[in-house]
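What follows is chain A paired twice: with chain B in the first complex and chain C in the second.
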Partner chain A sequence: MALIKTQCVEPIAEEAREAPRDCAGLISRLAASDPTARRWAARDLVDCPEAAAALVERLKQEVDVSVREVILTTLTSLGDPIAIAGLVDCLRSEDTALRNEAIEAMQQLPDAVAPVMHGLLADPDPDLRIFAVNILESLCHPQVETWLIEVIDQDPHVNVCGAAVDLLGEVGTRNARASLQRLKARFANEPYIRFAADLALGRLHEN
Partner chain B sequence: MSPTFASPPIWHLGDFMKTDPEQGTIRISAEDFQKFREFFYRKTGIQFDASKRYFVDKRLVERVEATGTGSFRGYFTMLRFQASGEELQALTNLMTVNETYFFREEYQFRCLVDSLLPEIVERKKNRRPIRIWAIPSSSGEEPYSIAIYLLEHWAGIHEWDVEIIASDIDTRILAQARQGLYSLRSIQHLPSHTLQRYFKRQSGGYQICDDLRQSVEFTRVNLSERADTRGYRDFDVIFCRNLLIYFDDVSRKTATETFYDALRPGGFVCLGHSESMSRSSSLYKVRKFPEAIVYQRPLEAA
Partner chain C sequence: MKRILIVDDAATVRLYHREILETADFMVDEAMNGIEALEKALQTGFDLFLVDINMPKLDGYGFLRELRGQDLPQAPAIMISTEAQTNDERRAYAAGANLYLIKPVKPERLLAQVRMLLGELHP
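== the complex of A and B ==
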């Protein structure tokens, strides 16, 4: 039979490195011409708490999707305020894929995202407010319903309210009832809002 | 959460009960079921249609009671907002049935020999061995199934060298895999001639033959530990079935990125039948073969 036993898997020898694997060396490797080298650098930078700014900087210009993915994972693992600020910045990008990746990364960071959520939901750009609601969709944080209620009570934009009311259908409790009814009245001429609010009202956790 | 894969997490969803659940005062309404169903699908990729209502309700009631949350509402809030994700994990385990045996999900092995290997061989420019990584190895049924399937169903085995590496985090299960001793239940799906050819009867069941035991390399690897996985490269196919379902989102994403660098360009990842890479799928090309859906590291990528 031609099944053969593999050669022993050996750790990559240190002398084979082209650059030192310390934090400064790894940050410089983020600009390497070979995407594999950039990907490994981005992965190993998870051990360097000061690397968030350099990673965000790289993320903004990185064209290789596999490197971008790893940068985002490392930023998620770092999860510090600089990483969060960088991810918020990505929400303003014209690049849809990058925006979605930032949303997914922020969904994983409830404690780090919570302090900036009010600011995101009050942003002058309604698109950014919708992205903030999208983050709430999978955010494990006890404030989610409160934030959503504030959105449907206060946000002037129908699409932002539409995103929030959809989510309230999943997480809403009796605390959302009055706000959902006010929302229906506020957007009485918007059939979608009325439909979505009714659906959410029917699903509220009341018992 | 630190993912582990000590036991063989291979499961199916067709576990129906014949009698009514003892739901007591805890009720799961149709709206509750719907809401849970959507949430659970988003988190795990597992879909329950209306016919699974009884199965789902029974387990939900069980967890409501076990957690002392008192009602579906209280339980769902815990499930959704618990930062550790522990309860979602417990529920996921409960919603699945663990078992593994030879030739489980055989269609993927068929896909390997009929679709993946012909493509791999076609573009190979050297005579280096074809490398297959089975993770988790668990008690060895999967890597040995791959070996048997290649010997029985792939003519290319006479022309090509194949390395099979099977990894697991649990050293005890690896020792068991190396020993290769299996119960009747484990080998029940093997054709009798296969059983005769590759196993020998032992007092404790059936033991896989020495040749096969020698042909699979078993190694200890924690998939979530970069130092462990760094040396794993140049694979043509990775079998990682019914493991990622037990990981949280970040761990799952990290694992699929690890696989990306463990694969040769154009290499394939086979996941369990109800798993998908969803969130990390931009790294991979989804390939629909007649036998199975498989994820491919793009050829053109560096």
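== the complex of A and C ==
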């Protein structure tokens, strides 16, 4: 017996891919009642550079898991500033699954995400800054360690720093040593930060 | 010896909580997300769950909802999160949490809350 209710991904019927197949027609099909039609529209919109905003709006309300996956794949393929802005917007959602999906999508777009990373790490909302650190976890970009060091040097929120230290323990080099020591001093009364910083410092030898 | 399952995707957080709890003679197991936690909970009886909210695959809310829907003895759960949004606390209790804490939790506070939920201390 399945513990979690999973949605059956039914075969895509060609008839659900009915005309019109121009960009405007595809965008309108994102609101079709049939999830198969929505899935086809989301897939075919990969050839429509102006489709990102409509895809993001659909993503926020889409309940079908398979359609959501295709929307995210298309947004990742588009990877333009509108797609990135839409994914950032999803990070502010109370829907945990949507936030996680946005994080995973952004992790696939290092070059497109890099220009907005400073803004994300300086956002007034500490939760959003934590999600930005979560993006760095699998972001293949040469600046990742520098961004993390900036976080632990400057961010006033203990949990943002905690998330960054956790990651520095995995990707940090000796360049992070002084900042980790300063962090321990800055949060001297927080046992978790002391614990995490000591752990990361120990692991720097291995990296 | 009481058994506690720590459910968190952050390895450092799991290790931090493990050390606190093991020092106090609790038996600890770990899960990295709600799916893994649910599988372990159905295989092994735990006396308490320490559950993060934000996790991949199945988050803390989803894990607790699924757990509470199972026909098995229900152990108390502490939901623990970095998030200070007011809705999170309400959603945690709605999902089946017995207590909601904001990270980072100091060792003495965590142990006091765990012991209280296990009936070893009075509030």
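Just so it is clear, the second predicted complex is superposed on the first by the 187 of 207 C-alpha atoms of A that agree within 3 Å, B and C clash if a C-alpha of one lies under 4 Å from a C-alpha of the other, contacts with A are read in each partner's own complex, and residues count from 1 in each chain.
Operating definition for what follows: contacts are C-beta pairs under 8 Å (C-beta built on N, C-alpha and C of every residue); 3 or more make two chains touch, one makes a residue touch a chain.
Values in this document were obtained by computation on a predicted structure and should not be read as measured data.
**Q** Kindly classify A:Ile193 by the partners it touches after superposition: chain B alone (first), chain C alone (second), both, or neither?
**A** Once the two structures are laid over each other on A, A:Ile193 reaches chain C alone.
**Q** Look at A:Asp127 in the shared chain and tell me whether it touches chain B only, chain C only, both, or neither; answer first, second, both or neither.
**A** It touches chain C, and chain B stays clear.
**Q** Between chain B and chain C, whom does A:Val65 touch in the aligned arrangement: first, second, both, or neither?
**A** first
**Q** Would you check which partner chain A:Ser93 touches, where first means chain B only, second means chain C only, and both and neither mean what they say?
**A** Once the two structures are laid over each other on A, A:Ser93 reaches no partner at all.
**Q** Tell me the contact category for A:Asp34 with respect to chain B and chain C: first, second, both or neither.
**A** first
**Q** Check whether A:Val165 is in contact with chain B, with chain C, with both or with neither, and answer first, second, both or neither.
**A** Second partner only.
**Q** After superposing on the shared chain, does chain C or chain B touch more chain A residues?
**A** Per-residue touch count on chain A favours B.
**Q** Which chain A residues contact chain B in one complex and chain C in the other?
**A** Residues common to the chain A contacts of chain C and of chain B are 3-4, 97, 104, 169, listed in rising order.
**Q** Given the complex with chain B, which residues does chain A contribute to the contact?
**A** On the chain A side, the touching residues are 1-6, 9-12, 34-36, 39-40, 43-44, 46, 64-66, 69-70, 73, 76-77, 97, 104, 107-108, 110-111, 138, 140-142, 144, 169-171, 173, 202-203, 205-207.
**Q** What part of chain A is in contact with chain C in the complex they form?
**A** 3-4, 94, 96-97, 99-100, 104, 126-127, 130, 158-159, 162-163, 165-166, 169, 190-193, 195-196, 199-200
**Q** Across the complex, what residues on chain B touch chain A?
**A** Touching chain A from chain B are residues 31, 34-35, 38-39, 42-43, 71-73, 76-77, 80-83, 85, 129, 131, 147, 150-151, 157-165, 211-212, 214-217, 219, 226-227, 230-232, 249-250, 253-254, 257, 260-261, 279-280, 282-283, 301-302.
**Q** For the complex, which residues does chain C have touching chain A?
**A** Going by the criterion above, the answer is residues 10-13, 15-16, 19, 35, 38-39, 42, 53-54, 56, 58-59, 61-62, 66, 82-85, 87, 103-107.
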